[in-house]
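Chain naming follows the written order as A, B, C and D, and within any one chain the residues start at number 1.
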Amino acid sequence: MGKRLAGMFWALLFLAVPVLGVATFAIAPSINVWLPKDVSEHGRNIDSLFYFILVLTGVVFVATEVLLFWFIWKYDAAKARGPATYIHGSHTLEVVWTIIPAATLLFLAIYQMNAWADVKMRRPAMSPTVEVVARQFEWRLRYPGRDGTLGSADDLFLVNDLHLPIDEDVLIQLKSMDVLHSFFLPHVRIKQDAVPGMKIPVWFKAREEGAFDIVCAELCGWGHYKMKGRVTYESRAKFDAWLERKYAEQEATQPPAEAADVALAR
Amino acid sequence: MHGTPMHTQRTLMTMFGKPSCLLVAMALVGLAGCGTTPPASFRANFVEATKQRLTPEQEQQVATILLAMFGTPDDPVALPETGLDEAKLKLCAGPVRSDIVGRKNGLYREHCAHCHGITGDGMGPTAAFLNPYPRDYRPGVFKFKSTERSDKPTHADLVRILHNGIAGTSMPSFALLSEVQVDALVEYVKYLSMRGETELALVRQFFELDDDAQGRLPETREFLVDETLTPIAERWKAAADARIAVPEMPADVDLATSIAKGRELFYGDKANCVKCHGPTALGDGQANDYDDWNKAIVEWSKEVAGDKDSDWVSKAGRVLAGDALRPRTIPPRNLRHGIYRGGRRPLDLYYRIHAGINGAPMPAAKGTVAPEDIWHIVNYIRSLPYEFDGELGVDRPMVAKDRF
Amino acid sequence: MTPPTTSPALDHVHVTVPAHGHAPQGGLSHFLSTYVFSKDHKVIGLQFLFSTLLWFLIGGLLALAVRWQVAWPWSPVPVLGKLFAQEGGQMAPEFYTMLFTMHATVMIFLVIIPILAGAFGNFLIPLMIGADDMAFPTLNMLSYWFMWPAFIAFGASFFVEGGAAAGGWTSYPPLSTNVASSPGSGWGQTLWLLGLTFVGVSSMLGSVNYMTTIILMRAPGMTMFRLPMTIWAMFITAVLQAFALPVLTAAGFMQLADRLFATGFFSPEGNIVNNAVPGPGGGQPLLWQHLFWFYSHPAVYIMILPAMGMVSDILTCFARKPLFGYRPMVYSIAGIAGLGFIVWGHHMFMSGMNPALGITFMVSTMMIALPSAVKTFNWLGTLWGGRIQFTTAMLFAMSFVSMFIIGGLSGIFMAATPVDIFIHDTYFIVAHFHYVLFAGTAMGVWAAIYFWFPKMFGRTMNEFWGKVHFFLTFIFLNGTFFTMHILGAVGFPRRLADAYHYETFHHLQPMNAFMTWCAIGMVATQIIFAANFIYSMFWGPVAGRNPWNANGLEWTAPSPPGHGNFDYQPIVYRGPYEYSVPGVDKDHLMQTDPPNAAASAAAATAH
Amino acid sequence: MSLMRLRPVIVVGTLLACGCGRGRLPSPEPQAQAAQKIRASIVGASAADETTAEGAATGTGWATLKGRFVFAGDAGQPKALVVDKDTEVCGKSSKLYDRSLRVDASTKGLADVVVFVRKSSRVKAPVPDTPLVFDQKNCEFLTTVFAARVGQPIDVKNSDPVGHNTNVAGTSFNQLIPSGGGTIFQPAAETGMPVMVTCNIHPWMKAYAVFRKDGYVAVSAKDGSFSIPDLPAGELLEFQVWHERSTGPNGALGLQKPDVKWTPKGRFQIKLEDDEVKDLGTLEVPAAAIGT
């Protein structure tokens, strides 16, 4: 009798896996431990793919785990009568559960190629909006300035404070000064490693205004965690005004008033 | 023995036999786990104390006085004479934690301590691996400021450093911290700086004492506050009104001619920039000099090496090994990188040339170079990263066109 | 009570066979040759087992330190804090990077790989194929003793200036090649590379040995398709190692050269780090990633296949039922091994590698999920209609299946390149490989330890405490690792000493604190295991030759087997999974049991 | 298995042994109670009673102190300096040598010893407004050690065809001195012991300066002789003696002298009568007192 209870106990323990597993994912969004707000054009494709795979795998997960529970529950030696079924397998079954997953996976692979190509392969024909150079442990930014070309005397240099216009394609030229870094914009679903010696293009289109984090997602040394930036998406007008203001500050030949200086230094 | 997997009776026995030993094991691990660490403490300025040949008792007196005047890393004290805001200090001091209203405390230890050290001696655990080394606040010398060479930096100067970071060094930008936090951190840096300066002053006072080895400093308010602390604090307060007056950039000359003039001055022997920054401006001129912090160590180790008094030398040796970073030379800036540690505004460059860089070999041009000429040099310096120069072939990847 | 598994006739043989090796002749040289520099595969296996279990403990403690910082950044660390007394016990960031680097390094190179191939491979292969030892005993001994330079190198690296390697276990250049780039990139990194090389040598020696032994030294009647899954897994693992390792070793030497002889394989020209003088350059950081993953992806399967094999054997034994789909199981292992060589690029989707390549690697990666799925279904099939005995080994084996499902499915997210853009290098991947490697392999290893312990020491481990150990471990590991999935969904990046200053992540601290508590519980639980293990080694109930009534050849040998393993030459008549054969008086037919009419009849009808 | 069971012990042992070893001196423990007392005494209103010192009665006359330093040991040959910049100018006219220990071959006189009064009550002459010239030539400071009064103008000149900068430690005076040009520097505060003067463009260039309010300073000449005139008579004066290479703290030079008590901190006290010319005679500096 005790053995039977033990069996049930273990079976239920295994049942807890799918139950709590699903529960965790069900609760997650409500406690805000979930995909951060997406403000990009392409982000919705990525998110929908995420949900699609989540549902797909979720079904398989629940099915298999529940099956596992059921077998453990049913075929407990202390419970079930008679000897075990003497069988070495079933050819049909093997074929079935090879073909079906194969087809699904292949479909999945082909289905998402387009989304991938949009983000990484179909580069818009334009000159870089800004150059982002990763460095231990900061994001150094360079805007082309009035003449629109990088590497001229009127470039605008900034650190960690990236501003970009919304509702239009932006092309970022990503470089690294020293080691590997990864340029991660969670809210527009963009991530790209910065590799010393390479100029890697990154492009996207933001839909909403707002200020968000720039995260470094590739270990770059002891200060990796420090490597935080801020990206601000704003309307073209605001963006241009901001560029002008920053450029004026960069070219300052007279100190601003003490109070203003402090404020401006922020 | 070939029976069922469960050996019931043995199981029962061991079941009740085992817990004791398990509990013991757990207890042991528990004890190890609760190993408490002592609270953070300020570290004495051993280099100066040993240089001045203080006895352990004298070192202890200094520590005691400093405890009285400045408190501990967890509980800082700001005497009214310092003009520091104790509330701001409390925000930065102590271990990293959030208070009742969820405000982040212990900012200094979260953001600064692992490089600049709890004491502000620029010797945190990470420091030894950085190039250049983190600033040692204790001498109260800061490089990048809007005031004359001999003056302290203004509050705004330090805020600007925290905001922009220092390009080309490991000092990152803290622009994303809140206004209040940056403000508090600057206050705390001043606090550590004043504390360090006071410590230096006290340690050096022992030599002025009349002659006996066991001499103790007077612990009167007159000596500690009026004679020692107040002069130091006054200089910090004076900084705000000591900013360099910058004349307007000469409007009559166009940029090209200004740059040409600047170039002349750069190579000419009045401004003489070429001597250190080199004929190619790659910082390859006089490159084997030290800044004040490293020079102090270099000079002292010479002195130690030359001395014969054995027990003092042996202590000095330990101090040099444990409390001083391996001295590094300070190369002049490579002006083709387009990296300007003190800021890239023409204004910043004007300050650097006018007053020189305190603590660094960079001398002041004021007095010898006329203000409008300084402006010409500024314009030339700013043009350097973009001036193509055939001789630079080897160094191409480093000019600003490719990297900055 | 079931009758003894060996017939009286064989006992008579037993007497006549000279029992070599265990004759009580004293002397230091004898002790050394028997226990230290022994060429006996069992002793070597145990040596591997003890060493790796010890490193398992160290790796676990490193993990705790990592978790502490993640949960309560900059708060005083217990015990370790004494290293940072001046700073009030708060750990320095480079120390944290060192911790997670060495946690991964220790767990992968000093625990999982050697405990599977080294410990169980050595102990089980000859016993399960009916050989008296490995093909090359001396080589076998060396394969263990070549681990020691690695142990020493990794261990010593903690105490050199700058501490142990801190470039992540993947050791990506330029961070790893450029000495100035981080504290751990000093001597620590050099020692790391040396250690890695020695682990490689050791594995290589082992793998050639395993291949030869399995091909040439099987007992009469032991055809390839009568091999237990464990042996198949070990065999294919050995093949994987033999073909993948040389690449890593070569890459390791290239990185050493970059560091010591100023070559520039992996760093581009004029690459100034931390204001140090740049090296010659002319190299490509991505080259290392390609070479590294060309080994390390197959290595992922090196780290799971043997566990799969052992779990298959344990499941069948305690389900008292033949393995469901023996051949598909074999083929899927082979399939995994084959595909394993063409999927390395999926670690590099974000690396700056040509995105077009990303597509091909995505397809092959999707495909490699297939054989794993097939295996899972077959395990379920094995349980179906069985008669499950809830021994500790069985519980761990079943939890392996349960957990492997999670680890396998979460892999699909990363395989999908667009989704990977978001979750790459977040806690999602951390969850994924911990479900495969800890919740998978480690649980499989525990199953194997509880299962073969009697064969190793002639005594069984305590079942009650074994189950307590299982229960707590199972609870805590899910508490620790499952939550990582949703952290990953927020984009919570791995390897950050303090992520909470990002607005996006600052609200995740309580969840991380919870995970850390679970991790602490998980490690504490292992005290039960350790106590049980050591106690049972000496005072556990004595086990006979075949305490579980299993079919494998190893169970016909004495427990523990003497030198030369078998006291008679086993002859194999059937596969290892003939349980509950109809018309047979007992519920298991050992591979050596002489043919009997009922059995063969049943076998004929069963297909 | 015995060996196996030893392994954990060994490993853990090493971890502990190595983990805790960090060769730094322990920071001195402050005394909490004492600190409490001090804090109590220093917070609050400033001490009211401004006790003016100089209670000691002093005369009205003036006196002179003189003497001559000789080096007992063997100075050896001065090391040649490494000149790696502007070699077309530097060290051209005459080779440059290390001047930190200048001993006159014939008289054995030890030059560049600084003697100054630590505290005095009266000063005869006002601060001169005639600038004191501090020149550099051949990439060498012409004066090795010089003294000036606080507020006294110093004309820092450069008679070289190459540019220099002059960096006076502790005063944050660090100026470009174009060739042929010069600039005026007025020391604002007293230096305790002499401070180093360097040129960062030519790091081998080195001199020392000492600035005093009362100007009661003397630097021993080539033959080692020095003299301080117009000292306030009738009061106990404490003199401080310094030499660059002295092994004493901060370069203090302590001597053994029967008639005047000389302390390890390189100080001695003398009370002079009106119009007295006190000659300390020949002061022997033992080789041991001079470091390398």
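Rule of thumb we're sticking to: a contact is a pair of C-beta atoms (placed from the backbone, for glycine too) under 8 Å apart; a residue touches a chain by one contact, two chains touch by 3 or more.
None of these values were measured; they are calculated from a predicted model.
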Chain occupying the middle, per Cα centroid: B
Result of counting contacting C-beta pairs for A-C and A-B, higher pair: A-C
Whole-Å gap between the CA centroids of chain A and chain D: 64
Distance from chain B to chain A - Cα centre to Cα centre, in angstrom: 37
Where chain B and chain D are represented by their mean Cα positions, the distance between them in whole Å: 27
Per-residue overlap in chain B, given as positions that touch at least 2 other chains: 41, 43, 126, 129, 170, 403
Residues of chain D touching at least two other chains: 22
Two or more partner chains touched - positions in chain A: 136, 177, 222-223, 226, 228
Of all residues in chain A, those that touch chain C in their complex: 3, 6-7, 10, 13-14, 17, 20-21, 24-25, 28, 32-36, 45-46, 49-50, 53-54, 56-57, 60-61, 64-65, 67-68, 71-72, 75-77, 80, 83-90, 93-94, 97-98, 101-102, 105-106, 108-109, 112-113, 115-117, 119-121, 136, 177-180, 182, 184, 186-187, 189-198, 200, 212-213, 215-226, 228
Contact set on chain D toward chain B in their complex: 22-25, 27-32, 34-39, 41-43, 46-47, 85, 161-163, 165-167, 171-179, 181, 183, 192, 196, 200-203, 245, 247, 249-250, 252, 263-265, 267, 288, 291-292
List of chain C residues in touch with chain A within their complex: 92-94, 97, 166-168, 172, 174-175, 178, 181-183, 267-269, 271-274, 281, 284-286, 319-328, 350-352, 355-356, 358-359, 362-363, 366-367, 369-370, 373-374, 376-378, 380-381, 383-390, 395, 398-399, 401-402, 405-406, 409-410, 412-413, 416-419, 421-422, 424-426, 471, 474, 478, 482-483, 485-487, 489-491, 493, 495-499, 501-504, 507-508, 511, 577, 579-582, 587, 602, 606-607
Residues of chain B touching chain C in the complex: 1-3, 5-7, 10-11, 14-15, 18, 21-22, 25-26, 29, 32-41, 43, 73-74, 95-97, 106, 109-110, 113-114, 117-118, 124-126, 128-132, 168-170, 397-398, 403
Chain B contact footprint on chain C (complex, rising order): 1-5, 73-79, 81-82, 84-90, 92-95, 162, 180, 182-183, 269-270, 272, 274-276, 389, 391, 460, 462-465, 498, 501, 524, 527-528, 530-532, 535, 539-549
